[in-house]
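Remarks on the structure that follows.
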Amino acid sequence: MTKMDKNLEKAQIFIECLPYVQKFYGKTIVVKYGGNAMINEDLKEAVFRDLILMNLVGIRTVLVHGGGPDIEDYLNRLDIKSDFKSGLRVTDDAVMETVSMVLVGKVNQHTVSELNRLGGKAVGLSGKDGAMLKCTKKYAKVEDENGLHAVDIGMVGEVESVDCTLINNLLNDMYIPVIAPIGTDEEGQTYNVNADIAAGKIAAALGAMKLFLLTDVEGLYRDFSDKSSLISHLSTDEVNDLMKQGAVKKGMIPKLESCVNAIYGGVQNVHIIDGRVPHSLLLELFTDSGVGTMLTKGESHVCSE
Amino acid sequence: MTKMDKNLEKAQIFIECLPYVQKFYGKTIVVKYGGNAMINEDLKEAVFRDLILMNLVGIRTVLVHGGGPDIEDYLNRLDIKSDFKSGLRVTDDAVMETVSMVLVGKVNQHTVSELNRLGGKAVGLSGKDGAMLKCTKKYAKVEDENGLHAVDIGMVGEVESVDCTLINNLLNDMYIPVIAPIGTDEEGQTYNVNADIAAGKIAAALGAMKLFLLTDVEGLYRDFSDKSSLISHLSTDEVNDLMKQGAVKKGMIPKLESCVNAIYGGVQNVHIIDGRVPHSLLLELFTDSGVGTMLTKGESHVCSE
Amino acid sequence: MTKMDKNLEKAQIFIECLPYVQKFYGKTIVVKYGGNAMINEDLKEAVFRDLILMNLVGIRTVLVHGGGPDIEDYLNRLDIKSDFKSGLRVTDDAVMETVSMVLVGKVNQHTVSELNRLGGKAVGLSGKDGAMLKCTKKYAKVEDENGLHAVDIGMVGEVESVDCTLINNLLNDMYIPVIAPIGTDEEGQTYNVNADIAAGKIAAALGAMKLFLLTDVEGLYRDFSDKSSLISHLSTDEVNDLMKQGAVKKGMIPKLESCVNAIYGGVQNVHIIDGRVPHSLLLELFTDSGVGTMLTKGESHVCSE
Amino acid sequence: MTKMDKNLEKAQIFIECLPYVQKFYGKTIVVKYGGNAMINEDLKEAVFRDLILMNLVGIRTVLVHGGGPDIEDYLNRLDIKSDFKSGLRVTDDAVMETVSMVLVGKVNQHTVSELNRLGGKAVGLSGKDGAMLKCTKKYAKVEDENGLHAVDIGMVGEVESVDCTLINNLLNDMYIPVIAPIGTDEEGQTYNVNADIAAGKIAAALGAMKLFLLTDVEGLYRDFSDKSSLISHLSTDEVNDLMKQGAVKKGMIPKLESCVNAIYGGVQNVHIIDGRVPHSLLLELFTDSGVGTMLTKGESHVCSE
Amino acid sequence: MTKMDKNLEKAQIFIECLPYVQKFYGKTIVVKYGGNAMINEDLKEAVFRDLILMNLVGIRTVLVHGGGPDIEDYLNRLDIKSDFKSGLRVTDDAVMETVSMVLVGKVNQHTVSELNRLGGKAVGLSGKDGAMLKCTKKYAKVEDENGLHAVDIGMVGEVESVDCTLINNLLNDMYIPVIAPIGTDEEGQTYNVNADIAAGKIAAALGAMKLFLLTDVEGLYRDFSDKSSLISHLSTDEVNDLMKQGAVKKGMIPKLESCVNAIYGGVQNVHIIDGRVPHSLLLELFTDSGVGTMLTKGESHVCSE
Amino acid sequence: MTKMDKNLEKAQIFIECLPYVQKFYGKTIVVKYGGNAMINEDLKEAVFRDLILMNLVGIRTVLVHGGGPDIEDYLNRLDIKSDFKSGLRVTDDAVMETVSMVLVGKVNQHTVSELNRLGGKAVGLSGKDGAMLKCTKKYAKVEDENGLHAVDIGMVGEVESVDCTLINNLLNDMYIPVIAPIGTDEEGQTYNVNADIAAGKIAAALGAMKLFLLTDVEGLYRDFSDKSSLISHLSTDEVNDLMKQGAVKKGMIPKLESCVNAIYGGVQNVHIIDGRVPHSLLLELFTDSGVGTMLTKGESHVCSE
């Protein structure tokens, strides 16, 4: 195949994206990216290029990131101990300061820097900027000899409300807002917020069309011990059924709750996709290959809001 | 290759366009399309899809069309005779009315309709709308036994000025303006304008970055009888040399003069490309394959304006 | 009377228009003009001057035109046959192409050109521009030995909806939009739309204050064989009564239905006026002479929308 | 002549204004009206209607008024004495307070009220509002046994600068600003400003196309004792010659100086017209009858600014 | 105390205002100032400085003024007699003209001038400008041998509606509108409006947060003969009770009715404060000292609108 | 003194600020705050309140912060060694990451949080956001046995240009931008920038009226061993003289160079003030006490740009 033939093929492929580009033009899409999915440098650059392209073809693109491994690393280096209760990190002041430094001062800055280096226009924010993510304190539910009771786990935050003014101003100026999931309250307290939950709340508040959760798994399995049981499409009704049946891995539960809440909050679809596949965002948006699992609203659930 | 693999390849190719998309974002590009290049229906649809994609990825896209074959056809059907003098059609009132009807009422409307059908947002204009293309009468230069003298060839127009207000308003509202090369003057006369020249004048007036002339040839040849002498890059200096040497086919001369004038008027590059290659616009813009001939400003020529 | 005295009289008359100018300032008025009313050149120029003056004194002025005689003429010259069924022209592809060329490429362009020549700022549009007039196919109702049944009459269009974005953008920029009654649909089909109906639908969609139908009759007669029975004012209730009584000439029926629908759609008044009277638009708007027939909403009819 | 015929004639006359309306559309015109020209109630209403019509047909219309007779009347009623020095009223605090009350509280308010009653949108201002008219103290030049020397005449003001912000804001909101010629300075002093001079300065600052001075004379005479010597057109050069020749009545001198300065300041034409002719503004603007005297820029004078 | 120490104290005090400045930022406050409260020059300057500061720290500040003593003075000097009926001045044409001249031409202009001199940006208006205060005629209720009946008292106006367009335009441009309580109607009549009532109506129409009535008393007394019975806070319910009990001084009644109506019309608080205390506006707004009497909405009254 | 008397005094003091508030309204002021000046919590809150008040009274307020002590602390805790060369910290990747985390993730976030808690509207930025601070690598000039030569000290940045778009967008939306002095380049490298220099460059790029450097000294001394030699006012000429004379403490030299460059870059005044004095910003802006040292432009130096 000559170079010209190859380029003709490229142009052909580019034009095949047209209906998809038209479909998403002017819509808002929130992408959550973090944790283990964020480790491989090549994949990371592929994700960033996808985001920039999404932005350029007219999608209002927002990135919310986590930062698990880096936090772990720094807590160790700083010799700060931190327990987990019911899957939530007990967050005292020392932990909170480390989390904030790593998320905002390292991961967020690195992400902004890479997006700008690759030709994007990115601005880093935390939920404290413009008092965007208003939180209340979250307690762990622990069951012991005294029965089920709430346990104080420090500065872990429940998102109460999202002020979208600042995000929308930046989107209108064609920036990609990159958001670290740190929350605040009226007293200026700092809260550690689960990135999936933050992304879901932000997507709902923005009236986003889609929320993408980039993970390091293929998607959701009907039976997580059986790789062939990958689910490509799921309603919120079915999610609730799966959770009742105990078919969902523990670590997946808060992620799924966030997905369901985002959909109840008005997001059209939530996609759990495999961040280990290069350009999985483009694949999902601009080809007919659905990657991972897509959630939509079921019939039996009414938005509680 | 599985479907997934194919889609991965697609995404990969899509992402390779990123630097090009970034480069042309927010720039104005005028495309001239017409005549024989416009005959094949499949190619036509490919061109229209290219234009819509250009528009969606942030290029301010303007289309100027011709309509030779259709005009010829209707003049025949209406039994209207029309001579040519020095390559210019003698345009009496009957011819002018037919030209206007075919260009504005058939070709322009058809083009707008197709762009809209394919998901674009197009608005048809002629140079009479908003008195956009102001013309004066053009005379043919004829050499006969009386020497070189000007001959009245009716309503053939020389573009004097372009009022871009209306075009810019439509571009700002995200429309693709589709322009038929019909001119006007203070007295409301109608003028038949060469589409290449109209496109060049409009590109210069808009401060366009590029002007594309979609033709039915591969590009410009150093020796037009030798297909292997295709020129990929040419300066305006060299164009003038070629024309002096008589190396340019007669029919190409007005096209080339329009190119040179567009560049002198501030357009960065003019591309003469082969409209018979599908998606040649995308190839030229979004791959490293230059198709056809690209003209840039030479050193020895200063813009006359 | 000296020249000065004459001019004093003129100024006096000009000032008498003041209350009318105040009344219509900033309001939208749609004028339908076409067919036989459009033949006389002097009258045409008078109408165009009226439109320009209306525009200058702050009326948002929209012109919708027909083009019957020119269409007839070209169908003949091109030797294209076309039947009528129940008063509607059977519109096959050849007829449709001719209609489009004549309306958009001849009548519309000529109108724009004349308005601009006389100092107006006009832009020509068809209902395909910006996909403004969305249509569905209309069938003729024919009664024969098989009873009443629908007959396919080709590309005759029923207006389903009007997208006013483009018209309003042009009105905000102080242009007079001049609209040819050609419709479209999602598949890019072209439709031949009755100009009276198009004008009524556009007036309703724009929330126009008034719709003027310029005709070549004096107005509506209570008994159309008796010239002295001219009706100066009529409610929609009475129109329906007249139609039931068979007092309305056949050719008038679609015109009247369009009037009634425009009023049900929110237009305050529809005026059927005699285009053969010079400056009849100014007479109607700026003097106390009502010319022709004014329709207003009756009590017994509720807008179906 | 039937009523219909009369109305046809009216419409015909209305349409004859079209070229004039087009010519003045969007231009700024300042009208100075006051003194004896303002006494007759019918004429006053005619002037107000002219102003409203001018505003409605797209002229940015500003009115500056004087108020001589009313001031005189109130000074008498309040038993306040006031001398004249070199034609300028000696303005002590008591005089100044009376002038301000009469101009701003009576004449201005009455004018605004009448314009609004007749359907206009007027807002009254003095030069103190928004600190619009910045003045310095003006001294009378008196010649006596001690030679020519400056004499303190109290709060008479020389206009130093005009801040057009407020006027332009009101014009953009479609109001007619009605301005009383009261000035101010940094210390908040109040100044009595000649209305002709104020109008000239405001017209120049606004970049007005025309300044109209409505007077109670027919215009300017070459020989003011000879009514047949009325001048219809005059250049600033000729004005200067006339003044050197002593051919100008004393009371006319400041008026003429203001005219000449307005033209030097960029106003295209200044018209001295006879306010006793009803609708003289409309006559001048919208017919071919020039009334009074029109001044234009001569060749030998260069704007001093 | 050194100068530095003093300045430190000043800065400390300035910063104590911060929460108050934050509270009122962007809110609208209407101040009524006039009559006897306006006599002392030093106090007047203090009030003006307060208004300018309010404006600069982001409060949309509107001033409505009265002018009793000046009106009295001029009526005397002009030898115009004017009776009072039920506390309302009988306002014939001569009185009305004097009132207008004094309020608009003297008090308003003086106020604007002083505000500008002190560095503010003020524009003077009357209720006639932009036809802002639309009134109907008010009759006095007189009880005599014929019982209670309405008596014609001339041009005294009842405010029917307030057109806030002009005021809001000026506030958006950062001006302080200074409004004289003169009203108008469709016929262009001039009305004398009570300044307290005008201020209340304007405050309600603007959706003001607060209305301040600057008076020459300390506030409202529970028993007006007992200075120690000053009321600091009062609900509209209690006002109605007080009025029923006859505990309110006659001159206070229209003031109180205006207060109650303003609150019913949507104003949050009305403050009757002692204009004889320097900077009482700042005291009320920016310290914890409430001065005078604050009215809020009671429970038993529902806004009639 | 009663509470009322105290409040009267407060109001009096508040009003004394009026001329200062008027002077700075709408102007841009950049404040640099950091290092030792930032340690005391009470002083910090006082500074933040000053900034919020400045913002509310209409000053476009930008904060640039440093973070020395926190950086030192974390480098120690993480056991990262870092030398100094010619007073500049050698910044390898490990140091750079720590600096970024502390400045952006701790100090900046804490500052934003405090400003928001106190009622301000703050948004945190680093120079990487929107690629605001474009840097090149800075080398230390070291003199040793090989003479004066440049030494690589890692990621220490020289500010090449400042893109103010993002800052201005935030200022227009009434936010206080809080900027950490981290720079970037086209390759996405991260640079450690001296906070004084960053503040100077940002102030110049914004066209700021003033730059405040909050320090932990009283100001600049003519002889730094003699506390009585504090300089209250200094021209850039004198600064250069002082530096030549060696009268400036070594640590002060980059600070002073930044001051001089800011003034050459167009900032009107730079103030070096004592951050240990509470509300020193308010003292400097709103009283007649100049605190610390004010620099202005001298005559002999021309801006190099």
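Order as written gives the chain letters A, B, C, D, E and F; numbering starts at 1 within each chain.
We adopt the following convention: a residue touches a chain if its C-beta (ideal position, glycine included) is under 8 Å from a C-beta of that chain, and two chains touch if they have at least 3 such contacts.
As the structure is a prediction and not an experimental result, all values here were calculated from the model.
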item	value
Where chain E and chain F overlap in contact partners, by chain label	none
Equivalent of E-F within the choices C-D, B-C or D-E, defined by over half of its residue contact pairs recurring	C-D
Same-site or different-site touching of chain C by its copy chain D, using the half cut	same
Chain A and chain D: spacing of chain centres that average the CA atoms, whole Å	69
Chain A-chain F separation of Cα centroids, rounded to whole Å	36
Distance from chain F to chain B - Cα centre to Cα centre, in angstrom	56
For chain C, residues that touch 2 or more chains besides their own	none
Chain-level touch network, classified as line, ring, star, complete or other	ring
Ring order of chains, beginning at chain E and proceeding to chain F	E, F, A, B, C, D
Chain E residues within the chain F interface of the complex	3-4, 7-19, 21-22, 25, 46, 49-50, 52-53, 56-58, 118-119, 277-279, 282-283, 286-289, 291
Touch list for chain E against partner chain D, complex	74, 77-78, 97, 100-106, 108-109, 112-114, 116-117, 121-126, 128-131, 165-166, 169, 173, 175, 182, 184, 186-188, 190
